[in-house]
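Both complexes below contain chain A, partnered by chain B and then by chain C.
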Partner chain A sequence: MANDIIGPSATLLPSMMSDKDDSAKQWRRLLWFPLTLSATLLIFPQLTFVTMSFHRDIGMGQVSADFTIANYVKILTDVFYLRAIWETTYLSACATFWAILLAFPTAYWIASIEGRVATLLLTLILASSLITVPIKLMGLNIILGPSGIVNRTLEALSVIRSPVALLNNEIGVLIGLVQYTVPILVLMLFAVVQTIPKYLEEAAYIHGASNTATFFQLIVPMAKQGILGACLLSFNMCMGAFTSPLILGGGRVLTLPVLIQQKIINDADYGLGAALSILLVCFVLLMNVVVGAYVMRDRRRRVNRPYGG
Partner chain B sequence: MRPRMTTLIGILTILFLVSPFVVVAGASLDTGNVFQIRFPPHGLSLARYAEIHSRYLYAFRTSLVLGLTTATVATATGLMAALGAMRGRLIAAEALLSFFRMPLQIPFVVTGAVYLQFYYQLVAMTGFNPMNSLLGLLLAHLFIVLPYTISAISAVVPRTDNALEEAAETLGATQWTTFWRITFPMLRPALLAGAFYAFIISFGDVPVSIFLVTPTNMTLPVLIFQDMRFDFQPSILAVSTLVSIISMVLIVGIQKLAGLDMVLPPNQRLS
Partner chain C sequence: MSALSLHSVSKVFRGLPAVRDFNLDVERGEFVVLLGPSGCGKTTTLRLIAGLERPTTGTICLGGKDVAGLPPRSRNIGMVFQNYALFPNMTVGENIAFGLRQRRAQRRAIEARVGELLKLVRLSDRRDCYCSELSGGEQQRVALARALSFSPQVLLMDEPFSALDLKLRESMQIELRQIQLSLQTTTILVTHDQKEAMTLADRIVVMADGSVQQSGSPDELYHSPANRFVANFIGRSNILAGKIIAPCPGGYRVALAQDVTIEVACANTRNVGTRIELVLRPENVNVFVGNVPSGAIAIPGVVDQRRFLGNVVYYFVRLPWDQTLLVERAGATAPIELGARVSVSWFPASATVFEAFDH
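Moving on, here comes the complex of A and B:
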């Protein structure tokens, strides 16, 4: 395998290049260990898993010996599983929408202030994305509970009479997913916004554009590719999210990752769990390919008409 | 400049992101032995810190050993991969790096399920069970963190100055000396950032580890996660607060050592 990747090394001018060539060859030797490790970690486990998905469960964690697509047929014809696929997709799309709505203005704001405050804010956001998830979920549980801050504030403001359920339902999961993706999106979009030259914004102001007009007619279009990329990233993360739906959904919101864990750990139905996982991965990959194709087409169109229309 | 909508959204977003940690830390300081969580706390005490059960300390040690081992192996492997692909002047270097990034396409929960199945098969075929030791968790964690270390390091290798290395060699330094005195220091921020990501992902992981933990190999996040669901005790709040503080210190420390630019996540998950 490595031999295919390590391409032609002989150059046209061996006498002049031999020194550099030798050193390149020596550097290449370093690749053996990472390649072997990565390939082993990738190929063998996945292969076992894919094979498993084509065998029927016969109880006690055993699978039958015969090759069958029964697991896939079951998932794609059973309303229960189709609903789970729909629920996961729907929640991921909603969470992505809200996450972008929060993350892009935040990224823009942080990029516009400079110095220590910006560094501090970026550090806080980074910490929020890196500190282990259960702690975050514990905090959200306290905040969103029936006697939590959100409900008490709303009651004090007389917006609601009795506590509203923000946990163990789709709203809770949605809030958890937004919490999960927003920090990464802010950091990613911050890098995007930084590439927009400041003088464009200044030019817009000089010509009398309002803040709102500048934001929606200059900043957002300039960052369009980055925003699309961020949407895709957020969607991918949500489709694979496991801890937030499990805790904030209280076991009542069954997304694909939650079902996969239940099938494998609780029911020991390995075949079906494997098939569900493979469908999830394929579905997410397909979405990426479709969006990727759209982005490429859009880019090509823009190259043809550089000043947009 | 006039106050803007974006500023307002930004402030609210940051409050939204930080509030869970503040609430947990606040509730951990509440007085008395009540099993009800109260925020804001009704009084201040460290009682819940004194109640921390020793199994959390064991789990913390397991997570620490696991995280450090994962980070060391992943960083060394990432360095070899990055140097081999970039310095080896491979024509297919980009394709090779995409191959290394493939695990990013697989949701963590699927990776956990995959490795559990793989270990079952391994036991059935060879009798060797990696889950009897930390090896089981280590291999799965390596799988998920390698893309991060390889991306972080390979992004910086082309920026290192080849002329300096050539100068060193012309002046008679051996290859080994050149590597340690010239190349390595130039790569140090990237290595730190890669190791940091590998550690923090491995240390905090739930979705992969939840499939692979055993009573003797219990990681701290999985223990917190399970106790939160099935056996809630107020001292979990204290443990969580301590973990948040340690993580925060680590994040700030790495940022000082390697620079903020290095620590901000590159957009690896997309490419």
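Moving on, here comes the complex of A and C:
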């Protein structure tokens, strides 16, 4: 009986497999086209930047013909630029920290409520993340100003005596960056948290865990990979953020993107601006590679431990 | 004082009753199995005991204390989930230590207890593995050790063996019963597998449609089922429809289809004209090619099918009114040919009588 079933299908299988293989191969060949296109669109502009960054600015938007690393030397030895690099990294890291702190519990909470309310909340968050950044920043400008609702409330509650400067400084930029990344992180982390089965939480509760213990000992460790990914995304977004530092920083918070814009648009120092851009890209890329390597190593350790190790 | 008692507990989900008027008292150290088809409310009952669901009405007492307001973590209950629900981010040892860590036990005591439990479930060499590296049976044993780690008042198990293959399931059942007996843990297990229920239980609670059909030892349920559902669910049964036509000593005369009348033993008083159902276990029915022993009922039939299973052989005998009767005989008996004209026969006392419900 069993042989009857296995017999014919065993002879059928190889031919079916090769058919499937062929079509899969063709499909993969087709996918080369969009890959090549997007790679070209990415690489050529960047190549122009790379080339330009190795030439000295000679004013009026012109660059010298000789090959030099002077731009890089200048950036990496000038305190002004080093401070800008530090400020960008520091602000991005802080914003990422606060954004995760806000987004993860929110995502967990939305994942734990059921049905239409969750859908509605997610829709609202998605909608808010689709509003263009300048408009959201205008809103923040109104709220955070000296006579804005935040300062008024704090004054009314006697937390502060006179309005606190929440605009045109680092705090303003930080708030802007957090507001920029939180909705996207909530959506991303929601997808992560949702994959953690409900019965694991129930098992934790039954075996004596409080809500807090379940959250920190089970949910957070299980979502660790996702959280790291979200951190990386948020960090990348913040490092490249231009509008928040410009509008909420009021020109006083000089992050790399703001500086690049100044160099290229205002000063027409294409060489230096290009060098700054390349450094920014390389720095962010390096961060991603390091974190990515850590995540992969962690995963491999988890999956490929020898049996019975 | 019973270890666990449920008093007229019911649970309604969005207007649909899942558990109706459930009463149960479990003695300390007793192994109770909730048995029933899927959707009968047995898992809901288990979740009510665990505190994962709140009863709509009724009280649940653990060790004499009402636990209505207590969250699961304060109930001191161990539970083995259907899919084990082991924590994938923890090693075997950490999984087992989980309940103890939540109870703020001393590190040393935890270490010792985990070692002890690993030995109990024969997994001492797997302590530092992640659960994804374990086989199904091993995961099952880790789940059991985790549930037992803090010596719970009651151990709950929700279809714990359903994911295992037959051989492994049988050996795990024996192992579980041994561990349960050695630790004297009060255990409530949910299953839809009547064989599993009979293997493990001190007492079986048969459920259908959210309510208890019968509660008793495996023997009781098998030999004196309370209703047709239990008779049909526990073991195999033949059900013959009939109508009481007259009383006779120790019972009634019953007319089956096509004017075949037989005697049934029945202690209860029933009116003449009552429609009844006769439940016959296959092993209580015999087939004879020749003479039928005196005192036994005999109905003619034709052998339709024969199924040889080694220790027993099943005959499907077609009765004159086109109903097929399942008959079990010892495997060693001389085979009866298909198509043979036979008499099926049983003693009146071996048939159970239920009043027929209009379906």
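Convention: the second predicted complex is superposed on the first by the 263 of 309 C-alpha atoms of A that agree within 3 Å, B and C clash if a C-alpha of one lies under 4 Å from a C-alpha of the other, contacts with A are read in each partner's own complex, and residues count from 1 in each chain.
Throughout what follows, contacts are C-beta pairs under 8 Å (C-beta built on N, C-alpha and C of every residue); 3 or more make two chains touch, one makes a residue touch a chain.
Note that the coordinates shown come from a computational prediction; the quantities given were computed from them, not determined experimentally.
K.L.:
Using the overlay on chain A, decide if chain B and chain C clash or can fit next to each other.
P.N.:
Once both complexes are aligned on chain A, chain B and chain C fit side by side.
K.L.:
Does chain B (first) or chain C (second) touch A:S38, or do both, or does neither?
P.N.:
first
K.L.:
For A:I247, using the defined touch cut-off, is the partner it touches chain B, chain C, both, or neither? Pick first, second, both or neither.
P.N.:
A:I247: touches chain B, not chain C.
K.L.:
See if chain A has more residues touched by chain B or by chain C, and give me that chain.
P.N.:
Per-residue touch count on chain A favours B.
K.L.:
After the superposition on A, what does A:M222 contact: first (chain B), second (chain C), both or neither?
P.N.:
In the superposition, A:M222 contacts chain C only.
K.L.:
Taking the superposition on A as described, I'd like to know which of chain B and chain C A:I125 touches: first, second, both or neither.
P.N.:
Only chain B; A:I125 stays clear of chain C.
K.L.:
On the combined arrangement from the superposition, state the nearest Cα-Cα distance between chain B and chain C in Å.
P.N.:
9
K.L.:
On chain A, what residues does chain B touch that chain C touches as well?
P.N.:
On chain A, no residue contacts both chain B in one structure and chain C in the other.
K.L.:
Once bound in the complex, which stretches of chain A touch chain C?
P.N.:
Chain A reaches chain C through residues 197, 199-200, 202-210, 213, 217-218, 221-222, 224, 302-303, 305, 307-309.
K.L.:
Using the touch rule from the top, collect the residues of chain A that touch chain B in their complex.
P.N.:
For this pair, the touching residues of chain A are 5-8, 23-25, 27-31, 33-35, 37-38, 41-42, 44-46, 48-49, 52, 101-103, 105-106, 108-110, 112, 119, 121-143, 148-149, 179, 182-184, 186-188, 190-191, 211-212, 215, 229, 232-233, 236-237, 239-240, 242-243, 247, 257, 260-261, 264-265, 270, 273-274, 277, 280-281, 284-285, 288.
K.L.:
What does chain B use to touch chain A in their complex?
P.N.:
Touch list, chain B to chain A: 2, 4-7, 9-10, 12-14, 16-24, 27, 37, 39, 77-78, 80-81, 83-85, 87-92, 95-96, 99-100, 102-103, 105-110, 112-118, 121, 139, 142-143, 146, 150, 200, 203-207, 210-211, 220-221, 224-225, 228-229, 236-237, 240, 243-244, 247-248, 251-252, 255, 260, 263-265, 267, 269-270.
K.L.:
In the complex, go through chain C and note every residue touching chain A.
P.N.:
For chain C paired with chain A, touching residues are 50-52, 71-73, 75, 77-79, 81, 83, 85-89, 98-99, 102-103, 125-126, 128-130, 132-133, 146-147, 149-150.
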